[in-house]
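Handing you this structure, nothing more for now.
In this document, chain identifiers A, B and C correspond to the written order of the chains, with residue numbering beginning at 1 in each.
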């Protein structure tokens, strides 16, 4: 499980995370909602060790991401998909996907490539396996990004606003894949603005506001009329989101 | 009798060599600046025949070794034209021409950086080509060019060291003389290199200061 | 004595031998500068202040001291400390060290231009720092810097003519011999000038092709 305890993080004088406690159990899909600047993305970046914690701790299967020795193991167990895809521009889709399995998991090239092509097939990109990122649309790039993460066989998938840079049609492509993954029982931490979608795939919804975790409820309860929805800050946020 | 150790007089020698290098550097930079700017103006006026010829000449000078250019002027010209060319004359001709080629390139891109629309709108207002050049282009191009110009000058300072090969007694030639006499190459070439380094840094510093002043000046004028 | 190039015909094979030596020296120095350039660029962009400072000092020194002074430093200095290598090796070493300083600057800006998100993606996937540098940073930086690296290489070719001053009979050295044998220095150096200019022109064409081949389809301008 992913366990965050008392996580604090500030950039200069701005406090971004102000004492976050969060547990994500295996098999759960946890969506993190909140307005921009609420600290959602920073929380993900703390989980994968891209940001150092000021205080508190985050462990992934008991490996502490703040300890350099543990971080490598924690990163083997998790994989991240980024908002701006962050594909390696000089490598084809297949090369993007196989680099870490070959280098980190010490898979053979043939084995890694076969797995990569299977993954690409499963997201409908079998024919584009040897294309470079620049030759792919945004939605296709993000599907490659998801395959790259999945190729590491992660126990936890960290998704950082992965549809924010996509237009609605491409967003649908990507979300369909996530729905499939959720059905297969992949554990996911999902930072998003797609509230309706979060409602359909999440087991739990977490709401961040000004660096604090103000709500942590099962999805049903969150969206119930007398649940999290009833809180003014959240209803305000949701109505604003729905309008957009 | 051989003086194998360093003497106080060697400092005088080094200072003289540095003086020769600096004098030639300043003189050829100035001449090159004038010629290169004239070439750029010729291009601005689109003078037929001359414009493509200058473009070709500049390419040739930029893309061939300065050492070969020096040999052509110092050994080649006297043989072809039956004239006498001293090492210093050859150095001045070659370095000025070489610098002019690079100045020309910088000046052309500086003029082009200003943008056709500005030039055209000024022409529409009835300004002559010369007035446009003088009032619109020159001040802006100057500010744009100072940065690249400083880089060029630092480079051209180093290029002057090649004139030692045709016998000009510049700083590098003094290094050669001291090297042969004392047989202490590390010390000699470290001192010579150090002197060039300090001079290059001073040129760069001067350029940076000038750029700051020019930018402040243009910014003030723009308000 | 009128201008007559045909007089050089019998000396063409000899000159070609010199050109071959130039090509060899430049090819080796290109490899040397790229290796040094990559290494120094890695040091300069490293998180250790000491290493990045040391790398900066190297680049600053070798960029601001004339190549001929560097060359003499090695040519006369190395035997002093008991290292006896031939002029060719000395020349290649000196060219590599000087070229390395210039290429490291180019590669460094290529590295700094890489989107940090790409590096982060590599980090979180568990790749080690050396692997990230080798597989991600280096190939991207080299691809984007093909053109400026090409200019460094062209400069290397032109600078290699200075190796003639340490008794190496590369292209310029051979030309000097032909000039004094034929008493036709103007013809010899004029042809040599054109030869270098054509050579560098071909190199720049090749760089353009290489740039397009490496970057076409793969890394178009980010929209």
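Simple rule for what comes next: a contact is a pair of C-beta atoms (placed from the backbone, for glycine too) under 8 Å apart; a residue touches a chain by one contact, two chains touch by 3 or more.
For clarity, every value in this text was computed on a predicted model and none was experimentally measured.
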Interface ranked first by C-beta contact pairs: B-C
Relative to subunit A, chain with the most remote C-alpha centre: B
For subunit B paired with subunit C, centre-to-centre distance based on mean C-alpha positions, whole Å: 22
Chain centre separation (subunit A, subunit B; CA means) in Å: 57
Centroid spacing, where centroids are CA-atom means, of subunit A and subunit C in whole angstrom: 45
Residues on subunit C engaged by subunit B in the complex (per definition of touch): 1, 3, 61, 64-70, 72-73, 76-77, 80-81, 154, 158-159, 161-162, 164-165, 172, 175-176, 179, 183-190, 192-194, 196-197, 200-201
In the complex with subunit C, residue positions of subunit A that touch it: 48-50, 72, 75-76, 78-80, 82, 84, 86-90, 99-100, 103-104, 132, 134-135, 148, 152
Interfacial residue positions of subunit C with respect to subunit A in the complex: 115, 117-118, 120-128, 131, 135-136, 139-140, 143, 217-220
Residue numbers on subunit B that touch subunit C, as the complex places them: 59-60, 63-69, 71-72, 75-77, 79-80, 154, 158-162, 164-165, 172, 175-176, 179, 184-186, 189-190, 192-193, 196-197, 200-201
